[in-house]
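Each of the next two complexes has chain A plus one more chain, namely chain B in the first and chain C in the second.
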Partner chain A sequence: MKLDNIYQEEKKSNFAKVSEIIITMASRPSGFIGLSILIFHVILAFISPYIAPYDFKAINPTLMLQAPSAEYWFGTDDLGRDVFTRTILGGRTALTITFFGSLIALLWGGLLGIFCGLVGGKTDDIVMRIVDAFLSIPWILAMLLIVSLLGTSTEVLIPALGFFYGKGIVRVARAATHDVIAKDFIVSARARGHSNFSIIWNEIIPNVRDAILVEGAMRWSWMLLGFSSLSFLGFGVSPPTPDWGLMISNARGLMSFAYWSVIAPIVGLSSLIIGINLTADAFAKALGIDRSTKAPV
Partner chain B sequence: MLFLIIKRILLGLITLFIVSLITFVGTEILPGDACTTYLERQAFGEQLEACYRRLGLNVPAYERYMSWAVNAIQGDFGYSLSGEMPIKEVLGPRIKNSLVLASAAIFIGIPIALILGIVTALWRDKLPDVAISTVTIFAMTIPEFISATLLILIIAIWLEWLPGIVIVPTDVSFLELLPNIILPVIAIAMIMTAHMARMVRSSVIQVMASEYVQMAILKGVPYWKMVFKHVLPNALLPAINVVALTIAWLLGGVVVTEVVFNYPGLGRLVIESISNRDLPTVQALAIILASIYVSINLLADLMTLMLNPRLKTLQIRK
Partner chain C sequence: MTEIIQKVKNLSIGFKSKKGEEILILRNISTNIKKGETVGIVGESGSGKSTLALAMMGYVKHGLYTIGGECEFNSSNLLKMKNRDLEKIRGRKIAMIPQNAGQALTPNLKIGYQIDEALQLHSDLKEEEREQKISELLNKVRLPSPETIALRYPHELSGGQQQRVAVAMALAGTPDLLLLDEPTTGLDVTTQAHVLELLNFIAKDTGTSMVYVSHDLGAIAQVSDRIIVMYSGEIVLEGPSRDILKKPIHPYTYGLLKSIPKLSLAGLPQSMPGSQPQPGTMHRGCSFFDRCDFSEEKCKNNSPQLEYLEELNTSVRCFNYKSLMNDSQVNQTVNKIKTSLQDKEILNLSEVSISYAKQKLLDQVLNRISDDNPTVKDININIKKGETIALVGESGSGKSTILKSIAGLLRTKGGIIKFDQNRNLSSDLKERDPNDLRIIQLIFQNPDESLNPNHTVEEIIAQPLKLYFGLKGEELKKNIIDLLQKVRLGEFYMSRYPRQLSGGEKQRVAVARAFAAKPDIILCDEVTSALDVSVQAAVLNLLQQLKEDFGTTYIFVSHDLAVVRAISDRVAVLYQGRLCEVGPSKDVYQFPSHPYTEVLLGAVLEPDPDIKPKLVAEDIVEEKPPQKGCSFQGRCSRILGDICKNEVPPWQITNSGNSIRCHIPLKELQKDQVN
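For the complex of A and B:
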């Protein structure tokens, strides 16, 4: 009976497993809200160029700082641009850059962590000291330095964000590998004479995958926060690209009489970050991983 | 015990050494240096040579690193490029201002976080927990610059209770600074408190579910006596380390908050020195911020060691 169950679980397709996890996530209220917000933002990012009512960079001096009206739903900004158009377009750059950045972070952080956990010894000691050193440099200082010297193009931002948010994943992947490595199936794989590569690929990755994925999902929301902070400080995407961080910093100086142009991007960015956070939390709970005792390193 | 403490301190020093190497190599390999930035279009020939000589950039990199490191240990970080002022003098008042801001946020944040964390854990899944947890999720996920902007909009602009932007000279006295720091402190304390409250909550929940607490309940130990004598001491110990890591991580957020409020602290200096490509100041800031991070963690490690008798013997046996 018991064997039968195990056999059936093995046969489940990947698609069935993924949909089961998504259903578990959506069955909690917070997970459902998070998933809905995230899906809404992703769909919006795809369709917004087609539904935007105005041109996001069309400057019109006669329409400066108009209050919200039937024609301009969220009003206009200091250059007479439509705030509604810029707000629905404002998440695209951030979502794309941080999504690919998180993938890079997952890949290098996860693989290096697994490798360190597996080989141990001197190599592990040296790599972990370097990772610790990188962790103790505030991310914002390092990111600002790179961006100010290399420019703010996508080709710089994605690898830089990927690198700086991946170093925390190294630790998580290493700890997860340590938990697995003492198990019997690794010992027997070694006894069968498998190479390190084969052990990593066939034995360790399937077992530490969940922990690393959850960490990656969490990193995504922090990376989004970091990226918008860079934009806000003027070190992210360059104008006239519509971006929430940039829009908030532009509209901030005028908010004593034109608060609408600062409220719209604030709602957009906050809802996306909260959505990703709730989704990542629900994802962790669906996989049975408790993240709440971990510090956001 | 003494051996352990010395080992932790040594590890911290090694980390700082690597940080200094990283920042030095990092500023070295990235394109553009102080002279090309300073001279802009005239950066060639005799003038460039002269600038390199004046700033001592004409000697090999490792020699510069050695002399820089030796001076930095003595607290001398060289001259800032933009202000032509010793970096030590630039940093002094900034460190003081940031320290005032951060410690005010920590002293307000920690007690509130403890109370919120304990309350939410003891009334788990009941109304107080659901309400407080929802608020903490908002407070910890919303970026600092958004909460700071909203604070300015609501409290400074709409209600006109407090000044929204700090307009004081860098070397202002403590009492003059005080009314100006209320909003920045709230902005920083909010996110810090939310993070810590969540960790305290799950730590307390874990201990409440442990066997010895169940045993105490079965033995009929009064509820509050059990909470204060058995649960809290065991739950708060592991939280110390995590709280320290959180505080250190939030240093980045302090930078953003200082910019929003125009606060004359280390954070704004970070932005200013990077905008001006003032690399000596950037290096000094990297080392100082990294030392803060390392020392907060070291302090937390030592506190856990001192407070936990079990850990002491365990580590020594190892």
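For the complex of A and C:
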């Protein structure tokens, strides 16, 4: 017996549905923490240019590697730039690029997965083998190749990241579609003669949407880690733009005597990833999806 | 007085809702299970019967908790026991046989090993003795050649055999009490009859007490000495099984028995209005109040207590049981079905064969199907306009496969399906034009699966209207309301989601969706088997009413022969994808002539302790139809010899227009059955 049947619910507006999901997410401690961290980072990304105390690219040789003080909260780096300023600004690019990257990944991965799941047969076989082939290529090598050929501009990074992180979504979307496709309401729609497009749009998407969204949220945190790795290797954001990956890369040699310049970006990056992960977990639980994908951290 | 094994005292089990209210699933249940007796617990889904059975072995489902009362076994309360102590009782003293044995057995361990495991845990036998015991147990549940069965994996056994293995495992610990949760529900009729017979034998042989939980009064009638009828988490009637089935003194049981279709009676049984209240919605009064024909003003606000009647040895929860006591012989009245048969032929299947065989590469290129022994073969049926024809047979008989081909979901391998004498429907979906698709609509078995959980009732019914007639706006809405009224649902259902509807309401929505296309033929695939008995009758009556209003033709697939008897004009009996017998249902049911029809009808369980099933043939399951000869040769008890094995039997036509496919001459076929 389904226990939640007891409450007769009326059809709700989308806004009411979304706010209910958010309230359910926040009612769990882990969800509350995750959401708070995520919201904090997003707000910070919007307001940081206005609250940053110093110019992020102002080099001051006299202030090299200052320890944290009242004036420079997180100290200064090897070029005398304020670490606090650079840390609060350092998440902006990563957050924007990976957000749009995840959207692209969701879109193409989700649609292709649903299509393959529905059509099946040879088309499905061929497409899935191609996806498998791409999955077997280490993404970082492929990314490095693309970036070194096409440059590190946003227009290259977003679609490239979106492509590489969408491959996994194809599989998830296809599996979710397979669960739905066996149900009689799909058979019924087919027997009535609806087109594939209509079946995907009306029958499948409402039923797999949640699973794909959760997967997309997970991919977002993976992508963030990936993008920061690229920056770390020098293929992401180019200096002097502040970026956590780049900051960690620059300061890692000085770790033994100027730990502050590396700890601040590490905390920034990992807290954001943890925040997204916890949020995605809470999101999955609020929607009632059992998620087996492990978090990247 | 015999010894009491299990004592349930004032047991209440429930859960806390999101709002913090306490919602009861079981309300103040008290009963005793005596040594050596079999107690049947019946009720509709959601009546709390499984929760009660599980509580009897000290288990409360996750999310539920005991609110009060106890389950006493050997004078200790199981519900307060620690898990360590429960382990010693479960399996050894109280064993459970689950509904779906196929899922209860570990798929990657051999049968023998799994029984051995049960023996290690629940008995003190040594290794050599255990081996002996395994064959003994398998013998006891009448599995052929125990030594080979023990070496098999669960998937290599049929459903009935798996259920027998589950029984053997439960018996491993020689328990005092055996709990059976719908043990035969997923099985074919013939297998079900065999398993029940086995359970009866075991109860007598070992003296084990049994608690048999089922929604099926027919099965309960065969096994139990005493019956407990549950409704909405309460015991409403408890007493000796014969009295309860013959002279029910509670209005619910009375209505329930009236709503079950019987083999001996053609026509639709009366339905019970409404549905069981959801837990938590009942606050005062009798829980059966709104569905009761005998209710009075006082039933609305006062809940009756369970009253023990000394002279009948029965407990009843009703103020008005006396009015039922006098004339409570269940006089079943049925609504005779009107045949709206017309002479016009609407669908013609000739020489249809369907194959699931995978195409070889060459065949794929040439776009043909090659399979010399297809799943379905030689189907010849003419269906007249306005007729209800039923396809019956056990699982694997190809009845759903034929439906799929008619609907275009499956390509036929050979033969022709013709609509209205001239339109060819042998092609599959892609090649049919929208109008060909519109004229044939499907209703599925399980409305939970056939309605998209994310669509409202409005969106569900709008789909065919938009697709076939291009309706929009106000006109669309008007049509939807119209259709909802036709299936006896109000306008306010439009904004509901399927999960907010009861099983019967969901199936009504599915019916409305099928009729929205204004079809000529509706294919009904086991439409009532997922529903409760009291709801089933209502849906059958609705289908009949709609048929009379619209002149639709039904092709009705069901494994429930009593339901088929109630609604159909003509019956086609299938075995292994081959037709055995086709004829007017009246004749097929009166003189079952084909040996297989005889087997099928003999195995039907009726809610009457005096009608015992006749077990004619073995319940073996054949994987594949035989290459040549009669399809039923493997199980036929009247096999003639080589002729049955080598030659496909001819069609023989009786005086009443009944066609039978058998080598045995007609006279002999019918003579034997009179005896």
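Here is the rule we use: the second predicted complex is superposed on the first by the 282 of 297 C-alpha atoms of A that agree within 3 Å, B and C clash if a C-alpha of one lies under 4 Å from a C-alpha of the other, contacts with A are read in each partner's own complex, and residues count from 1 in each chain.
Definition applied: a contact is a pair of C-beta atoms (placed from the backbone, for glycine too) under 8 Å apart; a residue touches a chain by one contact, two chains touch by 3 or more.
The structure presented is a predicted model; accordingly, all values stated were derived computationally and were not measured.
A.B. asks: Going by the contact rule set out at the top, does A:Ser228 touch chain B (first), chain C (second), both, or neither?
C.D. replies: A:Ser228: touches chain B, not chain C.
A.B. asks: Touching A:Ile137 in the superposition: chain B (first), chain C (second), both, neither?
C.D. replies: Only chain B; A:Ile137 stays clear of chain C.
A.B. asks: Does chain C touch more residues of chain A than chain B does, or is it the other way round?
C.D. replies: Here the partner covering more residues of chain A is B.
A.B. asks: Name the contact category of A:Arg129: first (chain B only), second (chain C only), both, or neither.
C.D. replies: After superposing on A, A:Arg129 lies in contact with chain B but is clear of chain C.
A.B. asks: Touching A:Lys57 in the superposition: chain B (first), chain C (second), both, neither?
C.D. replies: neither
A.B. asks: Based on the superposed arrangement, let me know which partner A:Ser148 touches: chain B (first), chain C (second), both, or neither?
C.D. replies: A:Ser148 contacts chain B only, not chain C.
A.B. asks: After lining up the shared chain so the two structures overlap, which partner does A:Val262 touch, if you call chain B first and chain C second: first, second, both or neither?
C.D. replies: first
A.B. asks: Quick one: classify A:Arg190 as touching chain B (first), chain C (second), both or neither.
C.D. replies: second
A.B. asks: Contact residues on chain B for chain A in the complex?
C.D. replies: 14-16, 18-19, 22-23, 26-27, 30-32, 137-138, 141-146, 149-150, 152-153, 157, 195, 198-199, 201-203, 206, 238, 241-246, 248-249, 251-252, 255-256, 259-260, 270-271, 274-275, 277, 282, 285-286, 289-290, 293-294
A.B. asks: Would you mind writing out the residues of chain A in touch with chain B in their complex?
C.D. replies: Against chain B, the touching part of chain A is residues 30, 129-130, 132-142, 144-146, 148-150, 221, 225-226, 228-229, 232-233, 245, 248-249, 252, 255-256, 259, 262, 266, 269-270, 273-274, 277-278, 290, 292-297.
A.B. asks: Given the complex with chain A, which residues does chain C contribute to the contact?
C.D. replies: Going through chain C, the ones touching chain A are 15, 17-18, 23, 25, 45-46, 63, 278-281, 407-409, 429, 432, 434, 437-438, 440-442, 444-446, 449-456, 463-464, 467-468, 495-497, 499-500, 513, 517.
A.B. asks: Show which residues of chain A lie in contact with chain C when the two form their complex.
C.D. replies: Chain A residues touching chain C: 1-11, 183-185, 187-194, 202-203, 206-207.
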